[in-house]
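Should a chain be cited, it is by its letter among A, B, C, D, E and F, assigned in written order, with residues numbered from 1 in that chain.
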Amino acid sequence: MKIVAIGAHPDDIEFGCGGTLVKYIDKGAQVEFLVMTDGSRGGDARVRRREQARAAGVIGAARVHWGGYRDTLLPSVRHLIDRIESVLRKTHPDFIFVNDPDDTHQDHRQVARAAVSATRHSRNVLFYEGPTTVNFTPTVFIEIGDEIERKIEALQMHTSQVMKTRIEATPISEIATAAAHFRGVQSRVRLAEGFVPLRLFINIAGPPLIAPPPRRTRR
Amino acid sequence: MKIVAIGAHPDDIEFGCGGTLVKYIDKGAQVEFLVMTDGSRGGDARVRRREQARAAGVIGAARVHWGGYRDTLLPSVRHLIDRIESVLRKTHPDFIFVNDPDDTHQDHRQVARAAVSATRHSRNVLFYEGPTTVNFTPTVFIEIGDEIERKIEALQMHTSQVMKTRIEATPISEIATAAAHFRGVQSRVRLAEGFVPLRLFINIAGPPLIAPPPRRTRR
Amino acid sequence: MKIVAIGAHPDDIEFGCGGTLVKYIDKGAQVEFLVMTDGSRGGDARVRRREQARAAGVIGAARVHWGGYRDTLLPSVRHLIDRIESVLRKTHPDFIFVNDPDDTHQDHRQVARAAVSATRHSRNVLFYEGPTTVNFTPTVFIEIGDEIERKIEALQMHTSQVMKTRIEATPISEIATAAAHFRGVQSRVRLAEGFVPLRLFINIAGPPLIAPPPRRTRR
Amino acid sequence: MKIVAIGAHPDDIEFGCGGTLVKYIDKGAQVEFLVMTDGSRGGDARVRRREQARAAGVIGAARVHWGGYRDTLLPSVRHLIDRIESVLRKTHPDFIFVNDPDDTHQDHRQVARAAVSATRHSRNVLFYEGPTTVNFTPTVFIEIGDEIERKIEALQMHTSQVMKTRIEATPISEIATAAAHFRGVQSRVRLAEGFVPLRLFINIAGPPLIAPPPRRTRR
Amino acid sequence: MKIVAIGAHPDDIEFGCGGTLVKYIDKGAQVEFLVMTDGSRGGDARVRRREQARAAGVIGAARVHWGGYRDTLLPSVRHLIDRIESVLRKTHPDFIFVNDPDDTHQDHRQVARAAVSATRHSRNVLFYEGPTTVNFTPTVFIEIGDEIERKIEALQMHTSQVMKTRIEATPISEIATAAAHFRGVQSRVRLAEGFVPLRLFINIAGPPLIAPPPRRTRR
Amino acid sequence: MKIVAIGAHPDDIEFGCGGTLVKYIDKGAQVEFLVMTDGSRGGDARVRRREQARAAGVIGAARVHWGGYRDTLLPSVRHLIDRIESVLRKTHPDFIFVNDPDDTHQDHRQVARAAVSATRHSRNVLFYEGPTTVNFTPTVFIEIGDEIERKIEALQMHTSQVMKTRIEATPISEIATAAAHFRGVQSRVRLAEGFVPLRLFINIAGPPLIAPPPRRTRR
């Protein structure tokens, strides 16, 4: 099982599907990040790069690909599609996670739309949410009760961003926890991440595995 | 300013718009509740009635009307409309709050649909959410930072229901707080309640005017 | 893995998710049908009952529950919910499949709406389509290349209905095959069934199982 | 109370929310216009600038900002966002009105989308309609019975445009009046303007309070 | 060409598609009305019956069928479907017009839903709007510049209803005219009626007819 | 009757509305194609040009206009609009067919959006579907039982593309046939093409024509 998670900026992936990725990795999946911009509007690009590397490490990602674009200065959709396709060709992921296209942040919209095209022939593509997503009504869920801690820890690796939520006195960890509770209520579990499927194949093969894989030791 | 808040069951109103009602009451509005069923599927009807009375007291409601129906045994939509209209005729509310029609609980759907008809000639009608609402994408918000405590306190008056959330180890107060945080993030404040307007007039008159500005002379 | 498939009439289930059920059963899942009405508007009730039993046998279902209602004479939504809940309480299904609520046939709408309520606390609920569904835009798919034959065979057990499609010279098997091709194209496989999730948890545990279970011999 | 009204072309603002702006100004609000293009596809740019100045004067706007772009030659969304943000930073508006994003005119779409991003941290953002808007289903209304005359008068200041409606023998004033009647019917008043909220906070403070009610003591 | 126009109450049909029906009749079509209730909530049933007969006469309808139900006291959806089907079986219409299902009036919703089922096998079914319709975004239009007068005249035959619009000092004729202008603007003509298709076949056979049928003389 | 069919790539038009165009041409309509890109991503541009000419010949189109852009390298929306308008100004079509804007292929989205603007003052604009369209819920249909053969024949003229469907062992003709069956079922006929109207005027003039035009001989 291989997964590529695509984010417009550093920390988008962790917020949107960090718990889910932890869960997949704990089951043996290989996860790679593709972060399209350097996040330089929100802080120093080198700092953000370092933070992103650490956060990906906490999640357990095998690699971080960088799109190579500057924050809010994305090129044409065609270039974005090519960039995403170049990563997909190398990784052949079974699953792709990406920002939702309905968002007040223009970079999120552009990356999401490019991903819709780049993943045209992929089987499983799921949109995740962020603090600026609008009209997001998830129907697909993953329970993250055991993974929330690691998700929050990953978000906190983005030290320069933790308090930059634009909501007074509200760190990003608090927002992520509230979202997990909120999506949990909607899906009848304690904590969850919610997704909107562009296209999803149900995994019929599955549970219960005769023997569950040993739980990975937390760092 | 007069407000009628309509709920299918005891505690629907407090969860959906309790903070907003507290805020209105603090500004001098008069609020009345209309609770359509006795909540007897979730507990003893007499207990729930007492709890509802206490919760309404915490909110500061002037009165609780009872629809008189048994939980999950609502009559035809025509009867529901008549019942709601009979309360509206007495109170002439400026604002009406009611369950959202897109909900997995059939009583919520039926009460919401009846309210859509009964409020046909009302100016301001807003749908609120609950733990079983689906596809709810609010665009209208009220900040409840100063009111959240009283909202939670009111929810806790429904003692028999606090732990009946169907989500393991999650009291209703925790769900309500997570929702307030989540809707806060969407509206760029710390804590909020979100609404979907059926029909809403903007109050132009304006924020605390010491003295109304002189009317501009028309040319 | 236990599955309950709910249909308003005999043959709804086979058309909407027959291939998917075959696939699940081949992996060891236990499937039960709940057919709400006797289909007496489309033919003799006893004949249709017999046909339904045979078709369920072809699919491999463990049991057919009957709702006990007459075709187009469904009772109130409350009764429908109770009936569905009574089956769910006995079976505790992991997955539920049911007609889509947006349909020109009133029975489909009513059964779907009742199921939305009855499955309020279930984790996986998927809507399937039929020839009279409208505005159905599936995002969840299951590949049925190996199962299409058995699906068609099951549909043909409903001998009295095969030509009652209201489309000139078009047997139900042809319609089902066209639909499988059409949903296949949308999901990038040869043949598929498409679903709209009310609520779906991704099965992370998953593939690949060390040894796939032996393929059931076709009768 | 400060308001910024954004329009892609001269006369968009007057058509979409002219009556509302008059009403706000009559209550003491300060309104500024931001007109993104010079309207040179519809007439001489200098003429249109003069007409816009006069129309803004009739409405009572304090100032007209010009985006500085040529009609149908808008730059990238990033530039548009920056331009809008530069005005918002100076004015700090409480309310923002802007074209709706679902429109057959590409400039309207682009300005609306840029505004969605530029107003990301604003509390009150409302979309208004125009003759080429599609799928516009307003839920927020403002009664403009006393303001319609001034709205029409402002529209007529755009002398070069009055008959350029592309509808035979139908001046823009007639279209605006029909729209006001139509939105009035939907909101149960004689004449109204309708809006779709991107995000709206209800003004609870309320209609001309002679003296604010004493704050209730919390128990 | 045969048309059946279905309305929940007297005057619904004239308001929603009166101009269109006049136009069809002028081309030789045969139109029948089916008015489901007696309109007794809005006036004396016998008076309304007489008014409806006159209005249908102005339009040029060949016949008025009565559903036979009392205003706001519609029976179950099954009965409504049977009633509508009984008329359709007799008339075999090529086109069916009916109230839109998204409406604040419960009778409109119920009649529309029943019609969706009853017309399950019809080729052309169009929803029309009324003063209480919500979220109506028509994509199909008919120009009624030559027919508006007759439409208004027909509406005025409902003498008891003309001023019962619930909008101060606004007769139904004024509302209908504003709506025709508004839908005209959306469709780029002076006056139009707008429709939402449930299902519509384009008439390719078409224009221009070698010789247009003689224009019916206006009374 | 004049029709312009717009497609982003060679073969889009034939897939989306080939049967409909054949039908119109058989009734005497004049059809022109506007193919925006050279399709060079899917094959040699000169080959594709030749194939497109042949396919248009099979349909019976009077002319093929070429947008002149390279596949996936479309210019700004403004240039696209100008290009489309230049063709519309010459042809003055009564009907326009174009790709649907909700599609995973970026060229389809861009061409569709440009066409929405370029056809701003046209009366009849219909979106057609393709294998990568998403959320397409057609409400307007044309029966193509007599035209399907010619449609398939036209698709097969695109020899280089027939097997490039990205669906294993599935030629484009098979996909087109399945789609025609699927849309047929939805519209209650054997075979159909489905459309989403941006704006459509019903042709009231219509059937029956005194004498149908002579059927074109099939090659």
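To be clear about the criterion, a residue touches a chain if its C-beta (ideal position, glycine included) is under 8 Å from a C-beta of that chain, and two chains touch if they have at least 3 such contacts.
Bear in mind the structure is a predicted one, so any value in this text is a computation, not a measurement.
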Where the contacts of subunit C and subunit F overlap, which chains show up?
A, E
Chain separated most widely from subunit A, comparing mean CA positions
E
Shared numbers divided by all numbers used: is that above or below half for subunit B and subunit D, i.e. same or different?
same
Taking each chain's centre as the mean of its C-alpha atoms, give the chain farthest from subunit D.
C
From the mean C-alpha coordinate of subunit A to that of subunit B, what's the distance rounded to whole Å?
35
Any idea how many Å lie between the Cα centroids of subunit E and subunit F?
34
Which integer distance in Å separates the CA centroid of subunit D from that of subunit F?
38
Residues of subunit B that touch two or more other chains sit at 121, 134, 166, 186, 188-189, 198
Chain-to-chain touches, reported pairwise for every pair that qualifies:
A-B, A-C, A-D, A-F, B-C, B-D, B-E, C-E, C-F, D-E, D-F, E-F
Name, in rising order, each residue of subunit F that touches subunit A in their complex.
72-73, 104-106, 109, 132, 134, 166
In the complex, the residues of subunit E that touch subunit D are 131, 134-137, 165-170, 174-175, 177-179, 181-182, 184-186, 188-190
Subunit A contact footprint on subunit C (complex, rising order)
1, 20, 23-24, 27, 121-123, 139-143, 186-189, 195-210, 212
Complex interface listing, subunit A residues touching subunit F:
77-78, 81, 113-114, 116-117, 119-121, 198
